[in-house]
Amino acid sequence: MFDYNFHWRPVMKNLPDLLEAALLTLQVAVLAMILGIVIGLGLALIRLHMRGPLRWLASCWVELARNTPALFQLFFFGFGLGAFGLHLSPYMIVLTGLTFNCAGYLAENFRGGFQAVPDTQLRASRSLGMTAWQAYTRIVIPQVLRIVYHPITNQMVWAVLMSSLGMLVGFRELSGETQFFASRTFRIFEYFAVTAVIYYVIVKIILLGSRLLASRLFRY
Amino acid sequence: MIQIRDLHKYFGTLHVLKGIDLDVDKGEVLSVIGASGSGKSTLLYCINGLEPIQQGSVEVDGTDVHAKGTDINKLRQQLGMVFQQWNSFPHLTALENVALAPKIVKGKSKAEAREIAAQQLKHVGLGEKLDVYPSALSGGQQQRLAIARALAMEPEYMLFDEATSALDPELVGEVLETMRMLAEEGMTMICVTHEMGFARDVSDRVAFFHQGVMEEIGPPAQIFGDAQSEHTRKFLANVR
Amino acid sequence: MEPTISFFSGFTPNDLLFLGEAALRTLWISVLSISIGTVLGVFFGWILFEGKWAAALTVAPVLDIFRSVPLIIQLVLFYNFAPIVGLNLDPFASGVVILTIYTAALVANVARGGIEAVGTPMRRAARSLGMSYWQDLRHVVLPIGGRAVFPAWVGVALGVMKDSALVSVLGYVELLKASQILITRTQEPFLILSIAGAFYFALSYPISRYAASLEKRWAQ
């Protein structure tokens, strides 16, 4: 049926490079998630508790992040900002793009999480003499985190998958590196097949790790 | 002593409390009864500053609750509150539920806070449930947990907002029993309640609220036997 | 002075037409993939629900792969794999195939969730009324389960619409690829990206809002 000879040797020779690039993928995804969680939390709180221009800005962020393609967002940070004389490195393009996207999606998750914690929890905490800050950090946010734990895990997986778009803006994370080697050797299929396996393994490790962590974190 | 003078409370344009004057002495047990929406819960919220007021004053042991300079978080330590909805903190064990506030609000050491918590849980009959999460407790047990949580702050006053009305009938007794025990120990209590038996047997005075006004206040014998106000008589006839 | 000045001719009405055509291609490939993918996905979802362990060992892991490998890698892999097995597919066809399977993999989970949402007691009731298995599916599971997961399906469909931008990696000139081409020529990145982004947004935002409002209404 096919007269194609698979050549896996060059891929295997570059495997260490690919794995190193995979670490870069993980790094940028994790960073984007950390920033995304912090910003997303902020956006959610602004949308829940504030009025005026700040709230409008937060809503714009969330809706743009959720209603345009991630690739569009990368392009925007890539050459859209060039119009203002701002030129980001490929690494920064991917990091800002992913952060923008993750923050938008996580903000909605957080908002749902906050709404799912009854007001009475806050009231009860305040009636015990806790400050608003204590009530939030000790009572409300731990419950919100439990509610959004699963969505955060999913978003982490998305961040890893999305980082592959780095390949289209010249960032040599796992996909970019793969493309680089593939175009030099013309063994496109072999290289990308191995990379697909690496992504799959990364995703499985994240999901497994998340499940293990959950069983330690949430005993109630 | 709690002193309430000419208290007015609005939600937007809705006039919910229309000039309440009320003194509650140390050691007294006051029951507050009245129809739904008459402003009973709101009164309690105004007493411990969970809701701002628009006119009048509330003083607790001489401190104005709603004055600008008042350290409300400190004042609330004097005012334990138990709500209709058992709002135990679901992510903490029974012991942690009770120990948290003494630790972070009063600055007690972890060991000390846990000891206080264990003691209060025993006090309300939950000595066996220290390491259980609220999801594994019945409604009545959760409500007693809420009482223990408030008591752990060593308050001078306890405010109960219909502590039993969200409970299944067979669970009401154990919570009322705990409240009765507190009353006998000399705790000053304001109990918003629909349990007329409790109001009659346990309280020193009963106040009847009607549409934001305190229509009538007096000893249980007077309210239940010889009510002056038409509204009170009608209300009591209906709940019985 | 610069000889290239006439080449960078700025943005012309013709370019708008160019973008419009590309937007239509985005729509076309999305609609095609989403429709076929949804039908397939519902079928897979039914298999997942009914098949139990047999499905768990066969269909489930295969679908899982398509959710655990970046779409862009899937596209490149398939495009380069097709010729190996003697298929000569153009970028459009390759894109449709992968987007369809990708949609099906996502919809399968949604559909299974929908069937599960109906619950055994209700289905027993339906069967006890003398409905056949298929009547039960058609008259009970489809309307009730479909309603329960319709908003989730809208989310998937909009996601695929946005992800269709990735087919550009195969050289298919959809909206984002067209924008990229125009940007290189006109050096108007901000303007052109804004137009492209506005198109996606104008499509995605109202639909997602509508789905959210339906969800709220049906939840009552």
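For reference, chains read A, B and C in written order, and residue numbers begin at 1 within each chain.
Heads up, the rule we're going with is that a residue touches a chain if its C-beta (ideal position, glycine included) is under 8 Å from a C-beta of that chain, and two chains touch if they have at least 3 such contacts.
Quick caveat: nothing in here was measured; it's all calculated off a predicted structure.
Enquirer: Could you work out which chain's C-alpha centre is the most distant one from the centre of chain B?
Expert: So the farthest one, by centre of C-alpha atoms, is C.
Enquirer: Taking each chain's centre as the average of its Cα atoms, which is closest to the average over all protein Cα atoms shown?
Expert: Smallest centre-to-centre distance to the global C-alpha mean: chain A.
Enquirer: Once you find the CA centre of chain A and the CA centre of chain B, what distance in Å lies between them?
Expert: One centre to the other, that is 46 Å.
Enquirer: I'd like the Å distance between the centres of chain B and chain C, where a centre is the mean of that chain's Cα atoms.
Expert: Here the centre of chain C sits 55 Å away from the centre of chain B.
Enquirer: Provide the C-alpha centroid distance between chain A and chain C, rounded to the nearest whole angstrom.
Expert: 20
Enquirer: In their complex, what parts of chain B are in touch with chain A?
Expert: Spelled out, the residues of chain B in touch with chain A are 48, 50, 73-77, 79-81, 83, 85, 87, 89-91, 100-101, 104-106, 133-135, 146, 149-150, 153.
Enquirer: Which residues of chain A touch chain B in their complex?
Expert: Answer in residue numbers: 118, 120-121, 123-131, 134, 138-139, 142-143, 146, 218-220.
Enquirer: Write out the stretch or stretches of chain C touching chain A in their complex.
Expert: Residues 65, 68-74, 76-77, 80-81, 83-86, 158, 162-163, 165-166, 168-169, 176, 179-180, 183, 188-191, 193-194, 196-197, 200-201, 204-205, 208 of chain C touch chain A in their complex.
Enquirer: Inside the complex, what are the residues of chain A that reach chain C?
Expert: Contact set of chain A toward chain C: 1-2, 4, 63-64, 66-72, 75-76, 79-80, 82-84, 157, 161-162, 164-165, 167-168, 175, 178-179, 188-189, 192-193, 195-196, 199-200, 203-204.
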